[in-house]
Every structure is written in C-alpha cells, then in structure tokens.
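Here is the structure we will look at.
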C-alpha cells in the first residue's frame, strides 16, 4: 500500500493516536506542542488530499480491508476534502495563535486533558467528513460532540456550565434523532453504507418509514448545525467557551453537520423520494430566509461581542442553507463556497477577539471603548475579517454572496424576495459591525481606574497577531483569486446533484 | 407465542416504569426506577435474541449508570422542585410525534419477519462468512471486532473522551492533585458492618473472575471487552464501597487507572497501525499472522483486551471522580 | 421417570411462584419499610430456591444445572445481604422501627432485629 | 396476533415520547438526564426489535446444526456501541450538573437563569 492510498485513514488516525499520548504529557507546554504538531500534520494530509481531489482523484478506503457494504468505507470527494481543509486548518491556526489565550483560561494541570479533548474533537470532525457509512458518522459525531462539550466547558465564566449543559442536551437529542432515522432506513434497506442505501432504496415499495426517517435525520442534523430555529444552544456555547475554542468551533463545528445533512439528503433521499427536492426547498428556504433576518436583527441589539458574532453565525448558516435549498448547481456551489468563506471570516474574527480579550476588561461592547486605539493592528485584522463577513467587494465574503445572488435570480419572483433578504441581511451586518467599530474606536476610552497604568499600545502577542493577519489576508486573497475554492465547491455541487438524475 | 406474551408483559412494565421515572419527584427513587427500567430493557433484549446486548445493558445500563447517578445525587440534591404545570403544549407536540411514529410502523416489517430487508442483505453474509474468515462462533464479536472494528475504535474513544471529560470538568478550581485526588481518609465504607463485609469480600474475587471469563470467552459466547470492563469495574466499585474510597485507591491508584484508559486506547489503535505497517489497511488483522484466520483471531483478542482495559479504567476513573468529591 | 420429574419440577416452580406472589402482596400491603423488606426478602430466598430447583430438574445433569446452582448460591449470598443493607440504611436515615398498635405482629419481629442492629 | 407484531414499535414510540417529554418539560437537570437516558433506550429497543427472526437464536454459530436460523448480528453491534455512547454522555452530563450545583447552588433550570439575570 502506498502512502497516498493510506491518506484517508491517516487523516483520522494521526489525531486519534496522539490524543491518549497527550494526556500523559505533564510538563508545561509539551501538551500544546504535541497537539499543534498533530493538528498541523492533519492539515498537511488534508492539503494533500485536496490537491489530489483537484487533480481528479477520489479517495476510497476500506477499513480492515473488508469490501464496502460489509465493512466500513471511507470516501473523500471534493466536498469532503473542502470540509477536511476547514476542520484541520481552523484547528491548526487556532492552536498556533491562541496558546497564551488558552494558558490564561485553563490551569496548567488541566491542560493535558483539555488538549486531548481538542484532538478528539479534531479527529471526530475529520472522521465525519471522511466517512461513507451512516452509523460510523454517528459514532464520530458523538466523539466530536463529547470532545466539543469538554473544550467548551473549559471557559472560565460559570455561565459556561449551563451553556454546555444545554449544548449537551440538544446535541444528544440531535444525534439520537439521527440514529432513529438511520435505523429506519436500515430497517427498510438492510445496509448502512450510504452508496448502498441509495441503490437499495429504489427497490423499497413502502416509503412511509423512509419519509419519517428523512424527517428525523433532517431535524437531528439541523439541531447539530444550528439551523434557525434550532439554534438556541449555539449563542451561549460560543460566548462562554475559551476564545480559541470559539475560533475553532465557529469556523467548522456547524459546517460539518451541514455537510452530513446535505450529503445524506442528496445521496440517499433526493433520488428516491418523489418530489423530495420540492419538500426540501419548501421546508428549508423559509427557515433560511427567516434565519438570516431574525438572527441578524438579534445580533443588532446584542451587547456582548462574542454573542453578537455567534448570532451572526446563525444568520450565516441561513445563507448556506439558502444556497442549498435552491437545489441547483449554482445554488449549491454558492452555499458550499459560503461555508468556506464564512469559516475564513468568522475564524479571523474570533481570533481577533481572542487577541482583544487579552487586553480588554470584558467583551461587552461598552467595555471595549477605545480598544481600537490601544491595539490598532489587532483591530485592523478584525475589521478586514468583518468586511468579508459583510461581503464587501474584494473580500471572500463578496464572492459567495455574489454567487448566491446569481443563483437566486434564476428563480423568478421568489428569487427577487430571496435577493432582497440577502441584501437586507448584509445591511444588517453592516449595522452590527458598525456598532462594534464605533464602540471600539470612538467609545469612551473606557475609564479603567482599577487597572491603573495602561500602556497606550497593548497589542496581542506577536504570534496571535500574525495568525490573525494571515487569516484576514486570506480573506482578501480568496476574494481576489477565488478559483481554487470555487472549483472545489463546483465539483462538490456537481457530485451532490449527480444523484438527482 | 408464549415469548410474544411475555414480551408484551415486559414491555408494558417498561412503559409503566418510564412514566414513574418521569413523574416521581424524589430523585433517588427516580434513579432506582431507572435501574429497574434498564434491567427490564435487558430482559427484553434477551427475549429478542440479543444476548450480548442484554449483558451490556445489564452491566452498564443497570449497574454502572446507576452508580454514577447516585454519586452525582450525593453531590447535588435529593429532591426535584415541583415543575410548573401547564406544559400541555409540550405534551401535545410530543403526542403528535409519537402518533406519527406509530403510524409509520404499519409499513415496517413485523417483529420476527424472516423476509424483512434487514435479514436479506449484509447480515446473511456475516453469518455465512464468519466461520470461514475468522473461525469463531460468536458473530457479534466478529462484526464488532473486525468487520466494523472501526466503529468500535470510535466507541473506545467515546469512552476515553467521557473519562477525560469528567476528570477535566470535575477538576476545575480544585486542581488535579488536591481536592479531586484526595479521598476522605475518614470514609471507611461498610467496614464495620459484618455481614456486607464478609459477603462482599467473598464476592469481589468471583466478580472479577467472572469479568475475565466474559472477556476471554467473548469469541465463543456472549461477552467481550465492554461487558468485561464494566463487570470488573463493578467488582472494584463494590470493594470501594466495602473498604472505603481510600483503600480502593491504594489498590488501584488514579494514575494506574489513567494509564489503563490511555493504554487500552493505544493498544487498539496500535493494532490498527500494525496492520497498516504490515501492508494491509488500517485495522486489517489478516496481515498480522501468516495465516489470515489466525491473524483475525489474534487481532480480535488484542482489540477486545484494549476495549476491556479502557472501559474498566474509564468507568472506575469516573466513579472515583464523583465519589471522592466533597459536597459543597 | 420423565413424568415424575416433570411433575416434581412443576410443583416446585409453582410453589416458588406462589412465594413471589405472596412476597409482592406483602411488599404492597405491609405498613412500613422493615415489614415490607421482610416480605420482599421472601422472594430472594424461598422463591428463588424453589424456582431454580425446579428448573434444575428440567435441565437434568448438564452444564446448565451447574450454572443454575452457581446462580442459586450467588442469590442466596447476595439477597439477604442486600436486605440487611437496606434495613441498615433505613435505620441510619432515621426511620423508626416502632409501629403503632394496629400491626402488632410484624412490628414486634422487626423491633427486635432493629435492636440487634443498633448494638 | 398480526398487530402484536408491531407492539415493540409502539412501545418504542411511547417510551421515546416519555423520555423526550422529560427532557423538554422538566426543569431539574438530573431529571433531564434521566429523560435523555430513557429516550436513548427507546432507540435501542427499536434497533434490537429489527434483529429478531422467528424461530431464530442468538447469533452464536453452533457447529453441526444445519438450517438453524440466527438473529441479525448487525443491529446488536450497533446498539452495543450506542449503549456505551449513552453512558458516556450521561457521565459527562452529570459532571457538568455537579459543577453547576457548586457554582449556582441549585440544579433547577429556572433558578439558574434567574441567578444569572440578577447577577
């Protein structure tokens, strides 16, 4: 077996094998170093896979060498490789940048446990992206969620605890719903492999259980993906998690659930349930539009910086779903591209927040007064990422919104409404970003008598600053030269839609 | 026929128990009822010809889960405050959901229908090929250990994650070396109670012996790493109850437990990687030995050992994390 | 021979079943923890002995019979111990073994055992 | 008789609903976790119901017996996994509840929310 054929397995095995070892690394900093190294290695593997996929390869891997419906298969196509890039990239950058920030949040003795959980979250999320087996997706979903609860619970504020509890309850309900759906499909087809399911569902005559299964799987994954109105766990979990964790999870956590949802829906249901595409659109399009409007409006009145950005995430999930619910190549391309671009923008924003938090007294907007003058470089990166979030031309966010508008315009009157919603959402984004900028630049230079001496310039640590700027510049780079992600997204969309014929 | 009637009887009891768990306001009672619920569930699984699952549910669902719940109850509250009434909206929505699911059942294959799709595809292949490819009688172990060994690997890491999660969450603010790691030296368990002490001391070795039997007999009968890990953990927990936390921790210190958790997970992954290094795919045991059948058997024994060690270590670590914490 | 064994085993199992029933009624009807425990422990001991003996007759001389014997010994060891532990826990949590006059018989018996436990 | 073949699925639906009700409607966090455990158990029942074959036995292959029907091993393997996932989630949830109790002094959801709003 050549190394390149083993890549899909290595993608998961590397973090999985490192996680138990990290628990044993007691000396200061070694756990972080090992975790970062494993994460960087995973990122390199993901890059290699993405390069292979772009040159036309697909990766299939039979675990234990057992053929597909009997053993568990891994299959990585364009969509999967894009998600793998997001997951491993976000993890690596967040780890590299946020060491200081994590040291501040988590005591030294607990760090090995924390970093092991981080690696498990990474392994779980990559495992979901790589798997081609419905039940295996469930197992890795549980690894990633359990590890996700752990790292979110590392937040120093006591309010992190109820937030994690809610996250745990909602996450478990979502996973169990998914499990029920998979069980019903297994009952009607006798297989767990996604491709095999698709083939065998065609012969099933009684489709009622399959319909119920489609409902359960969609709702379960929508819970995990925080699709409006099932997003209630997300804002608090993101707000009270350690900043590095927020940067990691905001960039890729919900995207992976969306990925499973789309894959399941297009691979298994669309081709086999009559008029499923119309039901899919009818169900998701209004939710997507409402999600964009309501979540953006809530963000407008939010006073905590991280909560504000979390609600903005809920709105962005709406954009992605909007693209997907059109069930066209352009729509799906736009949706998938927006996953990538939003991950870049939100990742950059939360990295900048991690930097700001090291200097600011708190993350309420009123406590941020004058922070832009104290840390101009950190805040500069924040603004660039925020521009990308809004979708200003020249940034990555613009590209995906442009594709999205093009895709919706193909749909007549409904398309006009959708475009209006997109524009309204973007305007709301301008407004809430402006509130942050206003507070940070022109707000009262928050009188801080308690801390006394404040040096006029207190930038974030150099490494964090460099990483934040790297992500911010990536936003610009992919705004000017979007070919690679667009190509991957288009390939992914075509793969998804190929099952519709 | 008699099986069906018995099944209906047990299932009805199950529903009644579930309602009682939800309705009672005494949390202690609710937890004990939950244990009964799990036991009934295990009996049901046994009637449905799932011996392995029944053993697991009895050991983990009725045993370990109850102990963890009780440990948490001792640290929190015994009674639930009365929930406000007027949750009829929730009740309504959920009733509709249940009705929908019952409606969907009428197109499902009936219980025990040999023509059901699940019995036509994939499963017959396992039943046919297992004796040839692995030479072991218990097909569940074969599927668990080899055909779907990757799932089981994932599961081991779920347990691992739960263990580090509980340790991480409960070590907050106290530090790993103080608080969490220092059991109350005053806790003497039931040492001064003659009857439990004598009977308990008599039983502990047999429980551990039975656990080992379940571990190594898993290829031939119901059993395997999960069940064995849980049973051995129960034995040690019984010891801790009898002799007090401190002496249980003297016998099996936390570092040893953590080592077990880590070692088991590493053993499992290591077997998988060995398959890779020897030229097969990940978790391919056939390449471990010159004879693929023997290779499969060796692989399954090794990974089952890994599973057992991790599960046992994790469950005990979780138990100690709850039991040694002082109520504040 | 077959027939006698069958009849014997059915008799044993039926009596065992009757003890379970009596124990159950007792656990529902008796007035306090200690008396209920007394009734419930009937199922642990008498009922399990009789029922398992009945099944052993059905199994004949085989591995199954030995396993059943092991189960029986296990139950006979653990059942009373569990009853003891429950009674002790009830006593520790402050439940008074004394009863009012209406249930004299049961209360007397338990009162003595309560005294023993304390000493 | 035909309808009794669906009884297991009905029980699944009902137990599922009971568990979900407890998770959503109860304010006590431990009660929520108990509900979650019931809810997950219901799913186990659904999977195991699938594996049963009339006249079959547990899938442990006995040599020399031809034509023996065996129940389906696959759902059993899946549920073995799911049971362990369930206990892991419960343990994690309980650990968080213990810390919530220490941080807030209560495990009732409404009181936790109140104390955060007033703080």
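In order of appearance the chains are A, B, C and D, and numbering begins at 1 in each one.
By definition in this document, a contact is a pair of C-beta atoms (placed from the backbone, for glycine too) under 8 Å apart; a residue touches a chain by one contact, two chains touch by 3 or more.
The structure displayed is predicted, hence computed values, not measured ones.
Visitor: Looking at B-D and A-D, which one has the bigger number of contacting C-beta pairs?
Guide: Of the two interfaces, B-D and A-D, more C-beta pairs touch across B-D.
Visitor: Centroid of chain B to centroid of chain D, CA atoms only: how many Å?
Guide: 12
Visitor: Based only on mean CA positions, could you tell me how far chain A sits from chain C in angstrom?
Guide: Distance between chain centres: 58 Å.
Visitor: Centroid of chain C to centroid of chain D, CA atoms only: how many Å?
Guide: Here chain C and chain D have centroids separated by 31 Å.
Visitor: How many angstrom lie between the centres of chain A and chain D, each centre taken as the mean Cα position?
Guide: Chain centres of chain A and chain D, defined by C-alpha means, are spaced 28 Å apart.
Visitor: Touching at least two other chains at once: which residues of chain A meet that condition?
Guide: Each of 135, 139, 142, 146, 149-150, 153, 186-187, 192 in chain A touches at least two other chains.
Visitor: Two or more other chains in contact with one residue: find those residues in chain B.
Guide: 101, 105-106, 108-109, 116, 118-119, 122-123, 126, 148, 151, 154-155, 158, 161-162, 165, 169, 172 - these are the residues of chain B that touch more than one other chain.
Visitor: If I apply the definition of touch given earlier, which pairs of chains qualify?
Guide: Between chains, contact exists in these pairs: A-B, A-D, B-C, B-D.
Visitor: Where on chain B is chain A touching in the complex?
Guide: 100-101, 103-109, 116-123, 125-126, 129, 146-151, 153-155, 157-158, 160-162, 164-165, 167-169, 171-172, 175-177, 258, 261-262, 265-266, 269, 272-273, 275-276, 279-286
Visitor: Within their complex, state which residues of chain C touch chain B.
Guide: 74, 77-78, 80-81, 84-85, 88
Visitor: Where on chain D does chain A make contact in their complex?
Guide: Within the complex, chain D touches chain A at residues 16, 20, 23, 29, 32, 36, 39-40, 43, 46-47, 50, 74-75, 78, 81-82, 85, 88-89, 92-93, 96-97, 99-100, 103-104, 109, 112-113, 116.
Visitor: What does chain D use to touch chain B in their complex?
Guide: Contacts found on chain D: 1-2, 4-22, 24-28, 30-31, 33-35, 37-38, 41, 44-45, 48-54, 56-63, 69-81, 83-92, 94-99, 101-102, 106-108.
Visitor: Can you name the residues of chain B that touch chain C in the complex?
Guide: 190, 193, 195-196, 199-200, 202-203, 206
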